[in-house]
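Think of it as A, B, C, D, E, F, G and H in the order they're written, each chain with its own count starting at 1.
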Amino acid sequence: MPGIRIDKNFCKGCELCVHACPMQIISMSKDINLKGYFYARVHEPTRCIGCRICAITCPDVAIQVLNHGTQFTLFQY
Amino acid sequence: MPGIRIDKNFCKGCELCVHACPMQIISMSKDINLKGYFYARVHEPTRCIGCRICAITCPDVAIQVLNHGTQFTLFQY
Amino acid sequence: MANEANMIFARPESLRETITHYCPGCTHGIIHRLVAESLDELGLRERTVGVAPVGCSVLMYNYFNCDFLEAPHGRAPALATGFKRCRPDMIVFTYQGDGDLASIGMGEIIHAANRGEKFTTIFVNNAIYGMTGGQMAPTTMPEQKTTTTPAGRDVSLAGYPIRIAELLATLRTPAFVARTAVHNPMRVVQAKQIIKKAFRLQKEDRCFSLVEVLSTCPTNWGMSPADSIEWLKETMQPYYPLGIYKDPEKEKA
Amino acid sequence: MANEANMIFARPESLRETITHYCPGCTHGIIHRLVAESLDELGLRERTVGVAPVGCSVLMYNYFNCDFLEAPHGRAPALATGFKRCRPDMIVFTYQGDGDLASIGMGEIIHAANRGEKFTTIFVNNAIYGMTGGQMAPTTMPEQKTTTTPAGRDVSLAGYPIRIAELLATLRTPAFVARTAVHNPMRVVQAKQIIKKAFRLQKEDRCFSLVEVLSTCPTNWGMSPADSIEWLKETMQPYYPLGIYKDPEKEKA
Amino acid sequence: MADQKEVVFAGFGGQGVMTAGQLLAYTAMEEGKQVVWIPSYGPEMRGGTANCTVVVSDSRIGSPIINNPMSACVFNRPSLDKFGSMIRKGGLLLINSSLIDVTSGRDDITEMLVPVNDIAIKAGNAKAANMVMLAAYVATTGIVTFETLKRMLREKLGTRKEELLEINLKAFEEGRKLAKKVRMQG
Amino acid sequence: MADQKEVVFAGFGGQGVMTAGQLLAYTAMEEGKQVVWIPSYGPEMRGGTANCTVVVSDSRIGSPIINNPMSACVFNRPSLDKFGSMIRKGGLLLINSSLIDVTSGRDDITEMLVPVNDIAIKAGNAKAANMVMLAAYVATTGIVTFETLKRMLREKLGTRKEELLEINLKAFEEGRKLAKKVRMQG
Amino acid sequence: MAKRLMKGNEAIGEAAICAGARNYFAYPITPQSEVAEYLCWRLPEVGGIFVQAESEVAVGNMLFGAAASGKRVFTTSSSPGISLMQEAISYMAGAHLPAVILNIMRGGPGLGGILPSQSDYFQATKTGGHGDYRVIVLAPSSVQEAVDLMILAFDLADKYRNPVMMIGDGMIGQMMESVEFPEKYREPNKPEESGWALTGAKGRDSRIIKSLFLDPEKLEENNLLLAEKCKKFMANEIRHELYKVSDRNRILIAAYGTMARICQTAIDELEAEGVSVGLFRPISLFPFPEKVIHDEAVKKNIEKVLTVEMSVGQMVEDIERCVQGRKPVEFYGRTGGIVPTPNEVKGKVRELLKLTA
Amino acid sequence: MAKRLMKGNEAIGEAAICAGARNYFAYPITPQSEVAEYLCWRLPEVGGIFVQAESEVAVGNMLFGAAASGKRVFTTSSSPGISLMQEAISYMAGAHLPAVILNIMRGGPGLGGILPSQSDYFQATKTGGHGDYRVIVLAPSSVQEAVDLMILAFDLADKYRNPVMMIGDGMIGQMMESVEFPEKYREPNKPEESGWALTGAKGRDSRIIKSLFLDPEKLEENNLLLAEKCKKFMANEIRHELYKVSDRNRILIAAYGTMARICQTAIDELEAEGVSVGLFRPISLFPFPEKVIHDEAVKKNIEKVLTVEMSVGQMVEDIERCVQGRKPVEFYGRTGGIVPTPNEVKGKVRELLKLTA
């Protein structure tokens, strides 16, 4: 099952991943991180398709994407 | 009758006017001028058509052209 | 712990695990990653020297995992020339903002490109001087408000924005010159391919390469990151068409 | 004495009656005359400021009959910008060699053109650094021998000659940009018309104007004046096509 | 120098510490004092902390750089860490207790905990936290009068921002009250 | 300095004065002397006059700039005007009488009229006038030997320019003869 | 006129307008970009112009061209930017052109940092460009003085037809103080009245503004003209301030700019502790108040002269030159944006006098 | 190796090759274009490279980039060109990079002229760029010494990781003298052995060469490192020559470069006339031989110290600083390309001693 990991301390709360995720499963937390930013988190992890769009969009390399072997690939990167 | 005047002290002997004159009436003198150059002179003044080509070609503005009222104009300048 | 073998997107090795000083949503970060991924994938990191500009990306030497030189404002192409001529066996790239490259560094980039210096330039065009607080750049859009054009850029006084890719593409010396953008995932993917190609051409000792990347500056544009993306698309992109402007591989064919 | 009224070709008023320091056959002299004639015919002499470059024409201020400024090497466009912005009512021109304008002064000319500064630049391209004794210029032809390329310009190291008119014509800001030559009488006549137009556009407060003029350097090319003319025609002209590259009057239509 | 007072306002970039300091400086000048407002301007980029120092004096001001200021108003934790220890013995430290949950640990200064963010939100705008702090500081020290302070606020905001003015004036009142309360506690 | 000799070669740009001076300098060095050759380099452009000074000494040479040289070889009128008056009392002045029809008018120096252009044309090449002059100077002063001079000429010209060598050697001979003649006259 | 609380950078911009300057050329650089950000809207209000140049090399040369018009022209920048103007400044001096150049110094060398520094003293006073020329260098210690000296700078530039520099550390640009401007703003210059400006060769011979003199005699003449100006600077334009200078001083501190103010505080505090220290503050760094510092230093009770700078020691060489070995010259400096505090200065004084704190 | 008669400019080029330098960047300018005209064919013979840059601003920065490779790199130029390199030199110094820069000085300011001059002394020794840094400055007085010092310059640059300048007037570049080169030419540097050069982050941490230190503490640290180097220059790298210095000297002349040679002739001639004059010739202009000139000047019979320069007076400020008022410091200078002759120097000495010629 695919999924992502967001390193909350790398996240600057820009919300670009929120807009980018085709599954609309990322949103902003109510907490702030070390730097004082509201960080991104996945609110419906099970719907993640591992498309990597969030990670590609993130300017702060805060997102890792894991694919547990079942997914298709949207594009060569 | 058209004609030209060459100021021998402005002439640097580059010979460009010699090559340019359509009537082939300019040639180089055997004397040198103040600066040590063999200067240009008109050897057949009567054949001058007042076309101004020599003057236009001269890099040193050494040539004046006079037109005694009878000539045509090759080009607007 | 997840199985690392299944990681399909992770920080490239050429990029250190460091939080950058860039503002939230600033696309400098994406462009950094694309460069780092290209170095990784082409196996170049260990023989690469980056040349940092003066601009928001001046501290990029802290973020990359390769040797770095920090240049005076605008002069990165001259440093890159000097270094690469001494070490043609190494890979050299400059990374420059639009103030750095298109304003003060105009002479240096044109001449390096024209001599065909075999390094790669990543040119980050965000239509503004980011680091110094948002003054007009040569690339600032007509009517765009900046701290030195509070009423918007007046083209009758400051002229029109300069298009670097087009300008460099007119030079006769073979080169790879392209313009890309990073305002949506598809563009990022394309930008990556183009940046990687620029480095590949250098690896193959082919020619000078320059990739102009349209980038955002949410802070000095005074917009949210998402609005910045929109503004880039609506305002910048029509004036700065994306595409490959010069390609030694095409010329050959 | 001939009747002066019948004089159909004489020294223009804007040109002093002084023997120049130029070498025999050097076409700098022709270009000077064309500029002076244009000033005369447009009635501009008394409100004109010329900006002399560093190059063989550095002493041109002694030959013209109008106010003059002498600029640091390559920076004439910046001086012209400064002056013209202070005195928009005056006519300003720079006269620059190819080393001056296309090498060290590349940044200044591009930015002045791009801002649309309303002065005129006469750009004398003789494919060499004349004044310093014949070193390679950015405009030097491939294989051309100079004192710093004794075996001829090697395009694999020094790149191809830069074409200034083409380069500037890509800028979006309105301008008049043309290339002419003075190697035969017909060309001189055409060059005159184009130079005069450049000044007329300034007089009408229209735009920046630049006229590139292909010129000879018999001394440093190591040829007779007549052979230089031939070389210009055969070698330079094909690479540097003559023509009008940008014209605000055409753009309008 | 006996008549000289210094205060540092310190916090995150967006917390309005510069504005608070400037308003104080304008007010003190208006009241005939000599003033210096000096920012510690950071690197050529965004983010990080910001702070400014205001020096108010009856006579010519020497050093604009203050070794050990008399007072500090700290809006976040890093600022407390930096300035808490620099305050002069017997000085005054105002801590934004909305964001800072510790104190300086010093017993040779007067410390006041002022939850300026919370109060500002109550007053109608989270951005007015700086005004709450300024009011608390002014009320506590009496460095300037509230009358002039309010007049200067009006002047600087101009007529266009009527709404903002109201919020800020309200913030002033809250801050003022707060200071008194704290003082009574102290 | 007693053992020091200086000579100026001066003329138009194309008259080969620099080469004449350099050949002398090479020769003197070859013969174990200390030498300085120094051009007066003109503006960054063509034309005008050119001159160089050669200093030859048995010991370390101080100033490369010579107030009043011992000798001068002048190839044209402006050079005569400039250097005629600078020569040291008792010095030597060689005047190219092919192009100069006056003399220095000084009676405290030795003056020699040498029609070097005419002689060079006779020797087969007008461009060898500088060699005629050099030979006349060397023959007159004995500053170096003709043997070394000729060897250095050969060395500098290399093997490619056999024809030119012949002309120059002939020019040497003519110049040498001339000097003797003049000396006898003098 | 009423007092205004203004940031140094903005006050300096306004001062230029007050001096009748209407032509400003600049390129952004911290910590002085606010001058341009202020003038870009303020100048058009008074019919002036601001050109944002493509580089400081271009700035220097735009200034050069603009100065030839006879109008009052100026630029502002910071250390690396000033280095790029050195060729143009040399040319302007050689061509006898007036212009005002402000350097809000930051820590160097190279990109260095952006915090206050005084490490461009040599560059300004010994001139970083090539050739024999000098520029007048003024160093304000407060925003008000920056305003006053800025106006003076234009007057001196015109008076001597020579570039004038004002140098201040980042604090001068960044701090706000109350300032007063003269009631009456100066009218812009009339170029026609200058007698030298390029106004078009109408009814007169053409004028040439240049620094090229191929004839060495002519070039020497020009150099002697420049040297003559220097003598006049020395004779007429020396400016300085003495603070708490008295016969009881045991130490004489030499410091300029904001550094001098910091020393003042230290001197006040030392006085309260019973230690008498005086301050010599050169306001014109070139011409340097050579005689003043010499005469003060030789006074009987002075044990040592202490130069305090935000540098590793630059002005101290001039102090050494002027004090002529009559008293030991000591130095205290901090660099890189670290501003010596009054405490540090006091500490150094105590150390020199072998006092314990 | 055999003696060769060579023009200074060419000999300097050969000397760089002899020192193992293979990377040369330059832009033409009289009177030193022959260096490039020589090296453009000579360097390829030994596997080196020459890049003709688009400007001196680019030259300075190519040098900067090239220096980071750890190889020996150099450039040559003349006064206006050197002004354009000031920013880059400041950066290189700040980043601790070795490079050799030759300035064949011409008359200034501005375009000035092309004849010999010594008017860039201040720029070289006080550093024309911004910030606290210094470069070693060497001044040869003959073509042979130019060769020797050029080789030394590379060694010093590497030893201290600092730019080194050599300055000479146009005569040094233009005159031919006999020179000898060392038998053994140096091998080019091995960058891998430097410990600091950018050779690729293979098997080691990445290296950064920079001059930016946003943290003022770090920037100060770097400045102190640079100041430390200066102390080492002072301790180890002072070079000078004394000529005919004796207890009988009534005048001590201070002069450098070819000017010193001219003074030597004057001194010889004065000696013949019975007037005893000695010569102090600094070879390193920075570090300046401060103690030497002081100690020579104080000697009993010296009545005056006479500084002779081809400028309106620059080194004389250092002489004044070092002599510390112990003897009057006088000055004689010519400028603009006029070279003072031995006669003029003699005249000045006679004037100072109130002798009639």
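Methods note: contacts are C-beta pairs under 8 Å (C-beta built on N, C-alpha and C of every residue); 3 or more make two chains touch, one makes a residue touch a chain.
Quantities reported herein were computed from a predicted structural model and do not represent experimental measurements.
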Fewest touching-chain hops separating subunit C from subunit F: 2
Least hop count linking subunit E to subunit H through chains in contact: 2
Pair joined by the larger number of C-beta contacts - D-G, C-G: D-G
Cα-centroid distance, subunit B relative to subunit H, in whole angstrom: 54
Length of the line joining the C-alpha centres of subunit B and subunit C, rounded to whole Å: 59
Averaged-CA centre spacing for the pair subunit D and subunit C, given as whole angstrom: 35
Multi-chain contact sites of subunit H, meaning residues that touch two or more partners: 30, 54-55, 57, 80, 87, 91, 95, 110-111, 113-115, 210-212, 214
Shared-contact residues (touching 2 or more other chains) in subunit E: 43-44
Complex interface listing, subunit E residues touching subunit G: 1, 22, 25-26, 29, 34-39, 41, 43-44, 61-65, 67
Parts of subunit D lying in touch with subunit G, wherever the complex brings them together: 45-49, 51-52, 58-59, 61-62, 64-72, 75, 78-87, 90, 107-108, 111, 115
Residues of subunit H that touch subunit F when the two form their complex: 3, 5, 30-31, 113-115, 170-171, 174-178, 258, 261-262, 264-266, 268-269, 339, 341-343
Footprint of subunit D on subunit G - complex, ascending: 23, 25, 49, 51, 53-55, 57-69, 71, 73, 87-88, 91, 95, 191, 198-203, 206-212, 214
Subunit C residues touching subunit D - in the complex, by the definition given at the top: 103-107, 110-111, 114-116, 138, 155-163, 166-167, 170-173
